[in-house]
Each structure stands twice: as structure tokens, then as C-alpha cells.
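Note that subunit A is present in both complexes that follow, paired respectively with subunit B and with subunit C.
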Partner chain A sequence: MFAVFKREFQSFFRNPTGYVALALFSVLSGFTFVMQLSSAEVNISSEISTLRSFFLILIPIITMGFFAEDKKRGTEILYYTSPVSLWGVVIGKFLAALSLFGVMFINVFIHMFITGFLGGVVDIGSWGSVIVYFFLAALFISIGILASSIVNDQLLAACFTFVIILLIQLTNTISSLATAALVSLLAVSNNGASNDKLLNICTKISDAICWFDPFSKTTNFRSGIFSLTALIFCLSATFVFLFLTYRNLEKKRWTQK
Partner chain B sequence: MSKNSKKTDSRFKSLKTFSTVSCIIVIAIAIIFNVLLDQVLAPYLTFDLSATKQNSITPEFKEFVDGLPSDTKVRIVGLFERPDDISGSAMQYVIPMLDNLVKESDGKISVEYVDIEKNPAIVTELDPEGLVNFEANTFVLNCNSKNFVVTPAMCFMIDEYYLAQYNQIKVIENMAQVTFANAIANLTNPNHAKAYFLSGLNEDSHEYVDVILSSLCVDSVNLPVSDSFTVPDDCEILFILGINQDLSEKVAFEIKEYLQRGGKLFVAVSYTQDNAYIDFKNLNDVLHDMNINIDPYVICENDTSYMLDGMGLESYLDVTSEYSSLLTDNSRVRASYMRPVREYDNPKTYINVAPVLQTSPNCVVGTEREQITANFTQLNAGMYATYTGMENPPEVYVFGTNDFTNDAWLSQNGGVTDPNARFTKEVIKSLLNVDNTVNISSQPIANYSLNSGKVTANSIVVITFFLIVIIPLAFIVIAAFVYNKRKNL
Partner chain C sequence: MIEINNLVKHYGDTKAVNGISFNVNKGEVLGFLGPNGAGKSTTMNIIAGYLSFTSGSVKVNGHDVLEEPELTKKSIGYLPELPPLYLDMTVIEYLTFICDLKKVPKADRKEQLARILAMVKISNVSDRLIANLSKGYKQRVGIAQALVGDPEILILDEPTVGLDPNQIIEIRKLIKSLAKNHTIIISSHILTEVQSVCDRVVIINKGKVAAVSNLKDLSANVFKNYKILITFKGNLKAVSDGLMNIPGVTNVEVKNSDGDISELEISVDSENDIRSQVFYEMVRLNCPILELKSLGSSLEDVFISITKNS
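Moving on to the complex of A and B:
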């Protein structure tokens, strides 16, 4: 596993991908920080919250080549023939991507240092946001890895990841829209009369959709309220996506012609 | 050959089935595990590590709830659907706190959320007589068939100075626990006093005083000045706070009548840009009955141990020994742009006047342009007056500063926990003779302002250039270098 991790992590810096991701993250985080700085009020939690929306761009860039690139080059066979378990391959790649996020995050640590130096506050909420950032990054990286293992084309993998992350970020909106649509549908079918029971069902459906939203689960961290259940949710979701990746690779091993 | 192929096909099929089933099982286990965790263990796995414990019930609030009779049933109804995402909204100060309150209340307090638009029957359920006007997105506290409405805006305080300067709202204090505790106290306490605020004289806002009164179970009502002005009979204390216009003769006459009936009066008038040229002739006419006069000058402190600014216009004040019980700890009160309050020359001997707040002995008075007194002297910034030998005597506290009651000043200086606000509370308590108070502190919201001395235009330019140009450019240059080096490999 360590060998895979090392290879993948180094590969980020053997081609421009890692540097482009780093440059992009530096610009985005720097811009967010400077915007706050100019108002003489810096809340690192707000900066990190804004940065979370850039997962949409960064994660597909980082993860798109993980398996799709190997398939394109024909080096995929090495996973099945080398003395490394498929789990080791999946986890190694996952950790490499997460480590790249760690490297990118040095920017935010620099911002924290500058904030402290300028007499600002880096409170427990800021550290809570840092923790959440990495847990969410882990979750979305696992989605990106799954996408890369499913499709054969890098660009398609990136699009797939982009769409899934977008849908997760819009969970609340989707839930509201779905509820509104269902309510309207019910009103039409009942000739405008409201049906409390069915309305209740709509609300429950909306709640059920929202339950899957990792962003709303982790929102209190920025206020310094740490909920282990939210972190466990992110971890278990990460595990599920990594497991699906592993099963997908395992299936391919047995279907090799 | 065909036997081998059959064998492979069957192995592939069983592997495919195993793969599908294992995936479904893992997903199902993950969902069930998280649902159970959410439903059962979430309260025990959530920790409030914030410095100000924004959403945890404070020991004072817990003590207050524990002190309620065991048969107390307070029903809190949020007239809206419980939102999932409360970050950035006023509800972030309320909903998590209420969740904790229910847990800590031993069944005395319940919280529910009912959308008033989807379920309008809740209005008649809470208020069968239709006495209260309920609105969506508010909380209704219901106890003993009485209702108390709490709006989200009551759950935090904003920086009034920042609002005036930049026209932007900046939340500085979480008042959720104070507001709900006061509301519960008001609902469970049958004895309510009534306070009136003289309004319509271009006066400053006094929301903090409202909160203080609420914590004393005193209802506050505005009393606009008009040609038919009278002080209502149920007025137990009348406030004249931060006015920037003098009273009319009619209003002054009615207030004098009110005092003769044994009324309690609280006056606070600063020396501001808006009222510097007003000598408050009619207000002084009222106060002369209590042998007090407010001068049309500003106090200028010259003792460096009292001064809080270079001009001596903002300074500490001493509470006189006779009234030291009004400030229970060692903290000091302070104020700015104060008018001197002095004893008038009313010859009636039954009037008892005493200084409450004093400057150092090194003060002068002046106007914005000129110094009036030549010699240093000790001045009064607050006085008390009453009649001796009467059964129900009038009582008056007069302050030459509004910094004990003014929202703009208190919001900049710690709100209801500031020594000035605590002093005001004790003054009101002594006037109303009430003791059933709720002493719950508000929680300051973290202040993320940078040190203005360190954040200069130059430093911002340097940091911006470094973060947005130098660092990304360095990575791009390296990326180009790596690409160039490895493109032929």
C-alpha cells in the first residue's frame, strides 16, 4: 500500500497536474482570504467554508486519472499481477490524493499564521472547520476514485465526479424542490385541497434527502460544536465508496479476458 | 474447453452475485449504523468546545430552570418548520440552545416546530381568546394559558455603532438564553410591574434597558408625548432616556403630577451633538421639584487616573459610598460627554438629595468651544432625590449621561453584562423594590477584527501580492518546467 501511495503521490509532482491544482488552490484560497483581510476582519471558518465549494473543481482534477489513466495506458493489469492487494491499491491512491489536499492546505495554515500575526482570532471553530474540510475532502476523493474506476475516459470520470459533488452540494435545494413539486402535484390531484397525511409524507421525504447532506451535518463545527456522528457519517460514506471501488476492480479482475 | 468455460461462467456469476450482495450489505449497514447513531447517540457524541459555549445551557440558566416549580410546563412552539441548515441565520443562536434546554429541563420545557401556514389551527390552540398576534418565524412560549412571543431578532444584539458607521449589521452578542429565561420568568411570575418610556423626543434606542426590565419581570411600554399626554395610573416607573428635545410644558406638568403621586422617575441625558444647545428648561422644571438641575455643559476630566481619552471627555466615575451597593463588584463605571447634575436651590427641607456618581476632584465644565469654570472641582454625573416623611414618596435618579442605558454605547461595551448596565439594573431594582430577578449573562459572539494598528494599506498590498501572485505563479512556473522536461518521456 505504501508503495502505491508513494508512487501516486510522487506522480502528482512528476507532471503538471499537482502543481496546477496547487496554483489553483493558492489563488482561490488567497483571494478568499484577501477579501476578508481588506475588511480588517478575518474568520478562517468562513474562508474554509468558501473553499469547500471549490471541491467541485479540485477533486475531479486530482482523481480523474487514478484508474482511467492506467486503463488508457494499459498499465491497469499491474494491479492484478503485482504483489499488492487491491485494497492496498485503492487505499494507497486515496491517501495520495488526501495528502495532496494536505499540501494544498498549507496555504490556509499560512493564512492562519498571518491572521494571528495581525492580531486576529483563530478560534476552535476554525480548527473545527479544518477537521471538517479534510473529512469532506476524503468523502469526495472516494467518490472521484470510484468514478475513475468505473469509466475508461479521464474526462468522463471528471464529469461524473463533478456531477455527483454538485448534486451533494445542492442536496438542500433538491430536497426543497422535490418537496415543492410533490406538494404541487398533490394539490393538483386533490383539486387544490390539502391532505395533511400526504404533506407529512412529503416532509419526511425531504428530511430523508437532507439526511444525506454532509454539509449540513458538519455545519456546527465552525461554531466550535463538534459532532462525532457527523464525522462518522463522512468516514462511513468514504468507506462505502472505497469499498465500491474495490468491488469494481475485483469484478474487473475476474472478467479479464 | 467448453467444460472450462462453463466453470468460469459459473464462477463469474457467483462472484458477480457476491459482489452485488456485498455492496448492498455494506451500504445498508452504513445507513442503518448512521441512522441509529443519529437517533440514539448524537446528543452524547456532540461537544460544545466553543470558548463562549454559545449553544450550551449556562449554569445560571440551568439553576433558573431547576428553580422552577416541578409542575411547571412551558411549551415553546416555533411557528415554522425546523430548518436543516441554520448556519448564518439568527436561528443558529436559538435552535441548538433550545435542544439543549429540553434535555436539561427535566420535562418542564418542551419544544416543537409547527408551520403556522400549514397548520393555522395552532393559533387557536395556543391563544383561544385571540389576544396575541402570532407571526410566522417566531417562537411562542405558552404557560398557564399565557403566551410570550420571542422573535429571532430578540435573540442577539447588534453593534449599533457599526450599523451607524457602515450601515451593516454586525452581531456581537448572543441573547438567546437571556431572552428565553426572561420570557419563562415573565410567564411563570404572576406579579408584573409596568414601565413607561417617554417617546417622541428624538430619543436614543433602549433595547438593553428593555432586556434588563424583562429580566426583572417588568413590562415596558412606550409613552408618546402629545397634547393629551398623561402618565397612566399603572406606571410604576417612568424613563426619560437620551432625549434630544425638551419636554413640552404640558408633558412637564403631567410628570410633576405623577411625581406628586409618588411616582418613580429615571432620567438620563447626555451632552450630544444633537442636544448640546438645549438647556432642557422644562425637564429641569420637573427636576427642580426634586431639587435637582441638569446643566447645559459637558464635564471635562483632568485626572489621568480617571481619563479614558486624551480630551478627558470620557472617564471613569466613582459611585458614592452611600450607593456603593448599586455596584456589587469592584468594577468601575464610565461614561462620556456627561452633563453635570447638581443640587438646585429649592428651599423645601423635606427633599433629600444625594450624589450617586461623581467625577474626580479635578474637573472643569465647558461647552464644545469654551471652558466655563476656571477652577478644578468635583462634579456629579448622577444624583438621587426623594421626599422624607412621606408614606409613598416620589423617587428620582437623574444622570447627566446616557451611557448607562444607550444601546449604541452598551453594544460597544459588553451589553447587559457591562458594569454600566448592571448598575442600571440595580438602580431600577431599588426604585421598584423588586428582587425576583433572572441573572443570566449574554454570550459575546467572537470578534474577528484584526488589530487596526497592524493592518495598513501597505501590509494588505504586500500580503495580497504574495498570496495571489507570487505563490500561484511559482507553482505555474514549476508546472511549466516539469511539463517541458517530461513531455518527451
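Moving on to the complex of A and C:
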């Protein structure tokens, strides 16, 4: 596992990938922070929440090559034929990507230091946001890794990851849109009369969809209210996606030509 | 050392390997021959632990590859058809990574890598990026990768494919030197290669074993049609008729005729060597032989006849 971790992490800096991600993150976080500084209203939590929306770009860039590239170069055979477990390979790659986020996040830590130094507020809520950021990053990385293991083409893997992260970010919007559409549809079919029972069902469906939204689950962290449920949710989802990746790799032993 | 028993591998409806059985003995260099798509690579991938199989069993040193994969993988070094190289690493970084993967103890690493680099002659490029190496060197790095961890068994899938003649000779030399203390399975569809390095061959065709034999036995047993090329001075018609009367001769073909001197190709279907009979016939006809050459049986012909029949 450590061998794979080391190789993958170093490989970020042998290729443009790591530098592009690092540069992008630095520019984005730097820009947000400077904007806040210039308006003399620094809020680390809101900086981090802005950065969260860039998962959409960063995660696909970082994870797209993981298994897709191995497949193309024929190097995946190394993992199957050496005495390492495939589970170790998956975890190694996952940790490498997460560590890259750790490196990128140094930017934010510097901003926190500057804020504290200048007498700004770095409270428990800021740290809550940091924790959430990493749990969400882990979750999305695992999705990216799964995509990369399923699709053989890097670009396709990136698109796949992009769409899934986009859908997750839009969960709330999607559910409210779906509910609204359903309600109006029911209203039409009932000749304008509203049906409380059906409306109730619609709300339940909407709630069910929202339940899967990791963003709304972790909103309270920025106010310093930590919820173990939310963290366990993110962790288990991460585990599920990594496990699916592992099973998918294992499956290739049987189906691959 | 390796026992393969009734190995079957299906891909959907296609049977890539259909009941292959053979053994590889310790210290032996086994040639694995077959036309493209015969199931060579699939079988090698299975032995190396890359692919699973539908039924049958594969044992390496008595350990089943499915039940004790870590043990069997440790004793096998595998060079697939496409060498599994990370182009963004230097040779030494790459080989160190392989040491990590194969769990080579840190203390042995330096010495082992130095030995392998020297053996495959890539010490001079050890600090270069693999992406910038020539194909021959990449292939060597691939072989070096298989040697890491000192496995007893080497599986080399078409190790000389795509190399220039000089590189092919070098790689063959390397394989011969490795054969001294390794058991090697080498797949190829280039017959001269197998002839030059292997002790024994397994020929497979359409997923089945078509023949298992020592190289010598193979040519002797399977092949009894051979040709003799003769150049002589004298009457062409008389010699042709005379030669046709020798038992076993099926055809006499004029290859070349320039005045007095002619060249004939005699096709023979016999398990006996009829060259001496040819000599006495020529003496009887009073035609001096200028050259007599047995074209023998090339492995090429054996291969074609076996794969056509099966």
C-alpha cells in the first residue's frame, strides 16, 4: 500500500497534474482570501465553502488518471502479479490524492495564520469547515477513483466524475425542482384541487433525496456544531465507493481479455 | 515446478484456453509456441496471477495460484507482452518501486538492484527517464522488473517482439544466461528464437495443446518429409530418372540448369536418410556431385503442419 501511495503521490509532481491542481487551488483560495481582506471581513469558513465548489474541477483532474492510465500503459498488470493486495492498491491511490489535497490546503492554513495574526476570527467553526472539507474531499476522491477504474479513458473518467459531483452539489435544487414538478402535475391531474396526502408523499420523496446530500448534512460544522452522524455518513460513503472500486478491479481478473 | 492441469478459460462464449495441461520442470527453458490468438498470453497471464480461470488447476511449487496467490506470485517474475513501465520515472526509481511492490527487504535492495542492472546491462541508463529510452532498453527494463525479488521462475511473453536484429541477439543471450539459474517459460511465434534458447516446446493452437516435445524429437517424430538439394555435372534427364527410382523419393524438381551443371531438389518421404543412396546412384550414372545439401526439417514446417492438423 505504501509503495503505491509513494509512487502515485510522487507522480503528481512528475506530471503537470499536481502543479496544475496546486496552482489552481492557490489562485482560487488566494483570490477569495484577498477579496475578503480588502473588504476587511475575513471569514475562513466562507472561504472554504467557496473552495468546496471547485471540487467539481479539482477532483476529476486529480483522479482521472488513476486506473484509466494504468490500463492504457499496461502497468495495472504489476498490481495483479505482485504480492500486494488490490485493496492496498486502491487505498494507496486514495491516500495519495487525499495527501495532495493536504498539500494544497497549506494555502488555507497560511490564510488562517494571517487572519489570526491580524486579529481576525479563527474560531472552532473555521476548524469545523476544515474538517468537513477533508471529509467531502475524501468522498469525492473515492467517486473519482471508482470512475477511473470503470472507464478506460481518462477524459471520459473525468467527465463521469464531474457529472456525479455536479449532481451531488445540486441535490437540493434537484429535489425541490422534482417536488415542484410533481406537485404541479398532481394539481393538474386533480383538476386544480390540491391533495394533502399526495403532497405529503412528494415532500417525503424530496426529503429522501436530500438525505443523501453531504453538503447539507455538514452545514452546521461552520457554526461549530459538530455532528458525528454526518462524518460517519461521509466515511461510509467513501468506503462504499472504494470497496466498489476494489470489487471492480477484482472482477477484471475474470472478464478481462 | 509448474503444473498446469486441464486449464480452461472462457471469455463469454469464446474459449480462449480449452483444457491445457503441461508441466514445467525445475531449471528448464520451456518454449511456448502458437499462432497469434492461440491462448499463449492468456495462459501466461493465468500462471502469473493476472487472470482467473474457469476451471482446472495451476500449481507453482505445489501451491495453488488461486489459494495461495501471495506465495506463488513471489516465486514468479513476469514480463508481459507490453512491458509494464511507468514512463514518467527513471529506471532506478522504477525498479525501486518494484522492490517496494515485491516487498524486497531494504537491506538487500542496493546489492540486488546493482546486480540486476549489470546483468541486463542498463547500468548506464539507470538515471534516465524510461520515456526517453529506446525500445530495446525498455524491454531490458521490463526484464529487470521481472528479475526483482529473485524469483525462481521467469515468464517472458514474446520478449523480443519489435526489436532490431542486434537487440534480439542480445536479449537471447541474456535469456540464455538467465537460464543457468532460473526456470523460464518463454512464449513466441518466432521459431528460430525457440530453437536457439529452449530445451522443450509446448505448441498450442486454438486453446489446446497440439504437441509437447523436446526440440529434437519434435523434428524427428513429427516430420519425415524432407528435401535434398543436389548440384552435379552430367545428363539431367538420366539423373532425374535415376533418382526417382530410389525408394522414398517422391519428386525431383529442376531448380537450375546451366549447360552441363544442374541443380535438383529431391523431395523425400522416408524416415531413413537416403543421401548415401543418392551418392551411389550418381556414381553409377558417372555424374560427379558438386554439392549435396540436406534441407532437413525446419521447425517452421513442423509448426505449420502441427497447427494445421489440430
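One rule holds in what follows: the second predicted complex is superposed on the first by the 257 of 257 C-alpha atoms of A that agree within 3 Å, B and C clash if a C-alpha of one lies under 4 Å from a C-alpha of the other, contacts with A are read in each partner's own complex, and residues count from 1 in each chain.
In this section, a residue touches a chain if its C-beta (ideal position, glycine included) is under 8 Å from a C-beta of that chain, and two chains touch if they have at least 3 such contacts.
As the structure is a computational prediction, the values presented were derived from the model and not from experiment.
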| item | value |
| --- | --- |
| Partner chain in contact with A:81 - subunit B first, subunit C second, else both or neither | second |
| Subunit B versus subunit C as contact partner of A:15, first or second or both or neither | both |
| Touching partner for A:73 - first (subunit B), second (subunit C), both, neither | second |
| When both partners are placed on the shared chain, which of subunit B and subunit C touches more of subunit A | B |
| Subunit B versus subunit C as contact partner of A:254, first or second or both or neither | both |
| Intersection of the subunit A residues that touch subunit B with those that touch subunit C | 14-15, 254-255 |
| Complex contact set, residues of subunit A against subunit C | 2-4, 6-7, 11, 14-15, 73-84, 253-257 |
| List of subunit A residues in touch with subunit B within their complex | 13-16, 19-20, 22-24, 26-27, 29-31, 33-34, 37-38, 40-43, 107, 110-111, 114-115, 117-121, 123-125, 128, 172, 194, 199, 203, 207, 210-211, 213, 215-216, 219-220, 222-229, 232-233, 236-237, 239-240, 243-244, 247, 250-251, 254-255 |
| Complex contact set, residues of subunit C against subunit A | 11, 16, 42, 45, 48-52, 69-70, 73-74, 76, 78, 80, 82-89, 97-98, 100-103, 145 |
| Subunit A contact footprint on subunit B (complex, rising order) | 11-12, 15-16, 19, 22-23, 26-27, 30, 33-35, 37-38, 41-42, 45-51, 54-55, 81, 84-87, 92, 96, 118, 446-455, 459-460, 463-464, 467-468, 471-473, 475-476, 478-480, 482-483, 486 |
